Amino acid sequence: MSLLGGGIFKGMAVTLRNFVGSYFDKERLTTKEYAWRTDDKLPERAGDYPKEEAEQLSDTTTVTHYSRNFPMLLHDEGEPMDTVRCVACQICERECPPQCIYIEKSKDKMERGGNKAQFYPATFDIDVSVCMSCQICVEVCPFDAIVMNSQFELSTPDRFGGLLLRRDDLLKSNDYYHKIHPEEAAARDKRIADEKAAKEAKKKAAEEAKKKAAEAKAKAEAEAKAKEEAESAEKPAEAPAPTHTDAKKEDNGE
Amino acid sequence: MPNYELIQQDGLETSLLEVSMGPHHPSTHGVFRMDVKLDGETVVDLKPVFGYLHRNHEKLAEAMSYLASMPFTDRLDYFNSMTNNWAYALAAEQLIEIEIPERAEYLRVIMSELTRLVNHVSLVGFFVNDLGALGTPLLYAFREREKILDLFEQASGARMMCNYFRFGGLRCDVPEGWLDRTREVVDRFPKFLDEYEKLLCENEIILSRTQGVGNLSKELAINAGITGPMLRASGVNYDIRKVDNYGIYDRFKFRVPYSKGKVGDCYDRFMVRMLEMRESIEILKQALDGIEAGPIMGNAGKVFKPAKAEAYGRVEAPKGELGFYLVADGTTQPYRYRVRPPSFINLTVLQDMCIGQQVADAVIILGSIDIVLGEVDR
Amino acid sequence: MNWELIGDILLATVPLLVIFPSMFALTTWVERKALARIQNRIGPNKVGVPLTPYGGNLSLFGLGQPAADGIKMLFKENIVPTGADRLFHLLAPILSLIPAMLVLCFLPLEFPWLNGEQNSVKAFMLDGAVIFFFAITGLNTLAVFMAGWASRNKYSLLGGMRAIAQMVSYEIPLVLSAVVVVMIVGSLNAAEIAEAQAGWNWYVFQPWGLAAFVIFFIAALAETNRSPFDLPEAESEIIAGYFTEYSGFKFALFFLGEYIAMFAISGLAVTLFLGAGGGPGVEALPWLKVIWFLAKVCILIGVMIWLRGTLPRLRVDQLMGFAWKFLLPLSILNIFIAGFAWHAKKANEGTAVSVIVWVAALIILYAAAKGLDHVNRAKVKPRTYQYGE
Amino acid sequence: MNEVTAFWILAAISVIGALVAVRKRNLVHGVFALLVFFAGLAGLFLLLLAEFIAVVQILVYAGAVGILILFAIMLTDRVTGKDAFRVTSRGSFWGAIIALAVFLVILLPTIREIPLIENATPKDMIVEQSSVKELGTKLIEPYIVTIEVLALLLTAALIGAVTAAQGGRASEKGENTE
Amino acid sequence: MTLALHHYLILAAVLFCIGLLGAFSRRNAVVVLFSVEIMLNAANLNFIAFWRFGTNPELLHGPLFTLFTIAVAAAEVAVGLALVIAVYRHFRSVDLESLDTLKEE
């Protein structure tokens, strides 16, 4: 025989425990009071609401290092458009599931970071009202040019243009990327560095091999020459054949 | 003016009241409509109307690459994006020879069982909310759900639309320390469940509101193709994790709770879910013990281009059997893409369960079916 | 003109019109805050005294929230649905507030500035205060019906009909449990009932009084449409019941009426069972009586909020069954037990006898309640489940 | 504000309430007008120092009878409460004539009696003599048989009403009613 | 001017005749029930008035009789409305003029 209304009393005990616990137990009260400003002041006017970028990023209650929101374009140190990684290959545009990316290739080519001159995006628009933050563009990008931003305060009074992010809005530095996603950025940079190192190593190896080959060739030639010279001392010596630029060209073409 | 139809009942002649509950109604769990004919408070006829959230999911998928559909599967049952991803990945992986690394399999199980916890705990909260509690159980449920969603966010970058699974593995590895945090959450969960059970399972009002309400017989449940906890609440021992042993479920020891009776009512459906959560915790503990370091992506190529074939992949989603049927025609896009949504098929018996019940019962019966309109309407 | 009488009336009514609406404002804040804490939230915490031009503001734990809500309600558009009965749609909220305000007069609040001897509210020293209370609260039903019918909305109509059925049914156990006290005191006068309980002689300490108090409190919850009997406003079923179509100030009036009715009925419970203004220190400082009275009312309101945070609601047939098959037989039995206990006490004054009577009455009442519960909910019990490997 | 003003106001309220109740086409409006009439009458009872009767008037008429009539309207007519057919009956003209005649017939003797009855018992005495306790004692002692008969009548009416309203069908079905 | 018995008597007469008018002129059975209630209440007013202004108020005849009337009236309303509902169920109408089966069939 159970107590009359015992289940109700048990439930009331649970709610009472939660009521009291919410004042003492961090585990129970998981919500946090949302401060308007760090200096605990009200915003000066209603239009103040979309916060400054730095402030948004410092607000770790809403944004963690793992959050992804909308894509952005990465550029390396220097002027954004001079160092943008994107080469307007349009793979992301093709793969984007909701098709929110629009890219126009540039007419001319541009050289970045000592690499071969490539196209750059003349237009790069992302309609974030359509984007669903799926990160597929990031996955398919072969140049590590597009990554996810965690900025979320994008509210705007402009109904049509306001949510269409243009190329210049999207361009963010690699430092910024490191700030918002330190682990991911470090991993990515490491991978790029590894790849680059691997490439360098390969290049070096190739160069060395070439050098060796050239040396060998030169040697052989020299020997041959010597031989020839020995054979006919009248003929003048030829310039050595190996060229640095050729090797580089070959490497870039991979 | 509404249609009134004269009816005879108990010798008292009254007129029927036609109420269109929804699509804007607090307890239809989205944009769902029930055209209810009421005799006083009793439901004499009920017609479910849906399609308000139709997004052309299946046809869209036929016009884009296999991978591009993956984020869209998140939006089917937006409570359980991980299991949706898994079902789709399973189907696609059957189309092509692909090897899934060990660590990825373990993480898939962990994610899927965490999803089950998320779904069941909030379903119980919503259900009790439909019963009329002022959100208290729901908010306790959401408090716990938040902790799991934080884990999802750390792993995949998003809380709900995770888009985490890939053909042949997972998109990325979990960050450092994630497994420890998960273990902490999992270890604490039973304590919360005890409290939750104390709050709900013995409450006289809940008992008398749910028992004998929304009866679904075993035969009807089987014939209507009901799956998941709802089928088990009607007394059928059927769980795809046991039947198919997909993934690595055969390595874990767990039990499947099901009802003793031949008829399942709302109380059974509620309790089966409560008990399933405990089993999920067991699986999670075993999986967290068993997981080892390793790669998370197999030998999958960059371009997914299967040969001509058909495949059907199904998982035990928290709501029931979630299946994806794919027909490949040798291109990078599926020729046919079809979802078997558990919510939709479980919803088909709504009318049978509701007729003769009170209008307040119709609401909780709908709640106990556990539908998500994103999946019903696709 | 009888200026003295008018002065008395003003002195008696103006405090009521000040105290209870301000308590209403405070209660909405307390309720939101308490429910939030029960649900592990924070609740209103921003609105306070806006001093933005002077740099910063006072948030005061969100105490400004009721004022902000009130201002918002006042300035909202008054929407009357097409096809609604405009006159009744307007009258219903007013009619729901009037009886609630009116019955406050019958509470034995002994304001120190009044020169009445028995009942502080001299102007309303009615002989049949308790029955007047029930008569006037009964009018609330009409307001609810009016709102439900005039809105020309099916949910409103359903809610209105539910409300009527519920209020009419629960009035019976409510009155029957009050009858016990009236019977023992031998008066319907609230002041006399309060006086009879002076000096910790509260009726809630008697077994029949305890039972009557519990029945009264449950029925009061139903009368004021509080959880778990909030079927007329069941959000998950019929949107907001009879005030689905109300917004703005009319809704605020309904809201106010509902809370004032809560205070009134809690006040009656305090009068009947909890010793009215009695409490420590009232002999020395008579003005403490008002404080004690209001404090007890607040405790009852707190329990109502606590219940609201815990319980789901009943179904219509269960609600009716509970009133007619559980509360009604129990309260009738309670009347008999009260009569027997009273006679037993009168016959012999010994402590032993009174203790035996006390315990026996409690056991009988509990057994009866248990038996009724068992009969009513024979099939309802927790189940066990089997597991497939 | 003295008693006379109160009387005229209350009289006006009850007469208007009664007239509207009788003439209004919309039945629900009619019921609420009837309730206004009852309330006005309760006020008049208070004016006549019959406090307890006023309470009972409100409790029974406004609380119970009004609700009962509303339920009957909801069960018999459309929920709009509008009369679907012609309001007045065939003999309404003659009805009005008869009503007027009756009024005159009642009124003439009343007017003639006016000078005879004017001295009333003082207020305080009435209040003292008509307390609820006094009324209860009277009800128990001389009228105990009446009240028992009344209780029987009410029970019979309750059973009769339920039987009549439920009709033959429910009794055939047996104790199926929840 | 002071209030005297005749004020109340005339008021009661007016109310009674309004009730009579309603009972005679309306076709809806429910309205006829209203009218009967109005007449009964007019009579009650008379009882109370005579008690107040008459001799021997300590006997409380007026209030007691009114109490009984109210009880009987409540019973009458309950039965009357039950009959109205029964009639409605049978004829699908509460129009008193259409309830003439005894006359024509």
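For reference, chains read A, B, C, D and E in written order, and residue numbers begin at 1 within each chain.
Just so we're on the same page, contacts are C-beta pairs under 8 Å (C-beta built on N, C-alpha and C of every residue); 3 or more make two chains touch, one makes a residue touch a chain.
Everything quoted here is computed from the prediction, not taken from an experiment.
Under the contact definition, chain A and chain B share the contacting chains C. Across the assembly, the chain pair joined by the most C-beta contact pairs is D-E.
With respect to chain B, maximal separation of chain centres occurs for E (centres as means of Cα atoms). Taking each chain's centre as the mean of its C-alpha atoms, the one that lies farthest from the centre of chain C is A. Computed from the mean C-alpha positions, the centre of chain A lies at a distance of 84 Å from the centre of chain D. Chain B and chain E have CA centres that are 63 Å apart. Chain B and chain D, compared by their mean Cα positions, are separated by 60 Å.
Here the CA centre of chain C is 35 Å from the CA centre of chain E. Each of residues 8, 11, 14-15, 18, 28, 30 in chain A touches at least two other chains. Touching of two or more other chains is recorded for residues 38-41, 157, 309-311, 317 of chain C. Touching two or more other chains at once are residues 85, 88-89 of chain E. Chain C makes touch with chain A in their complex at residues 34, 37-42, 45, 52, 55-57, 306-307, 309-311, 366, 369-370, 373.
Chain contact summary for the complex, chain A toward chain C: residues 1, 4, 8, 11-12, 14-16, 18-19, 21-23, 28-31, 33, 40-42. Listing the residues of chain C that touch chain D in their complex gives 1, 88, 126-128, 131-132, 134-136, 138-139, 141-142, 145-146, 149, 157, 161, 164, 168, 171, 186-188, 317, 321.
Taken together, the chain C residues at the contact with chain B in this complex read 35, 38-41, 154-155, 157-158, 162, 227-228, 230-231, 234-239, 308-318, 377, 379-389. Residues 5-8, 10-11, 13-15, 17-18, 28, 30, 64, 66-68, 95-97, 132-136, 139, 148, 183 of chain A touch chain B in their complex.
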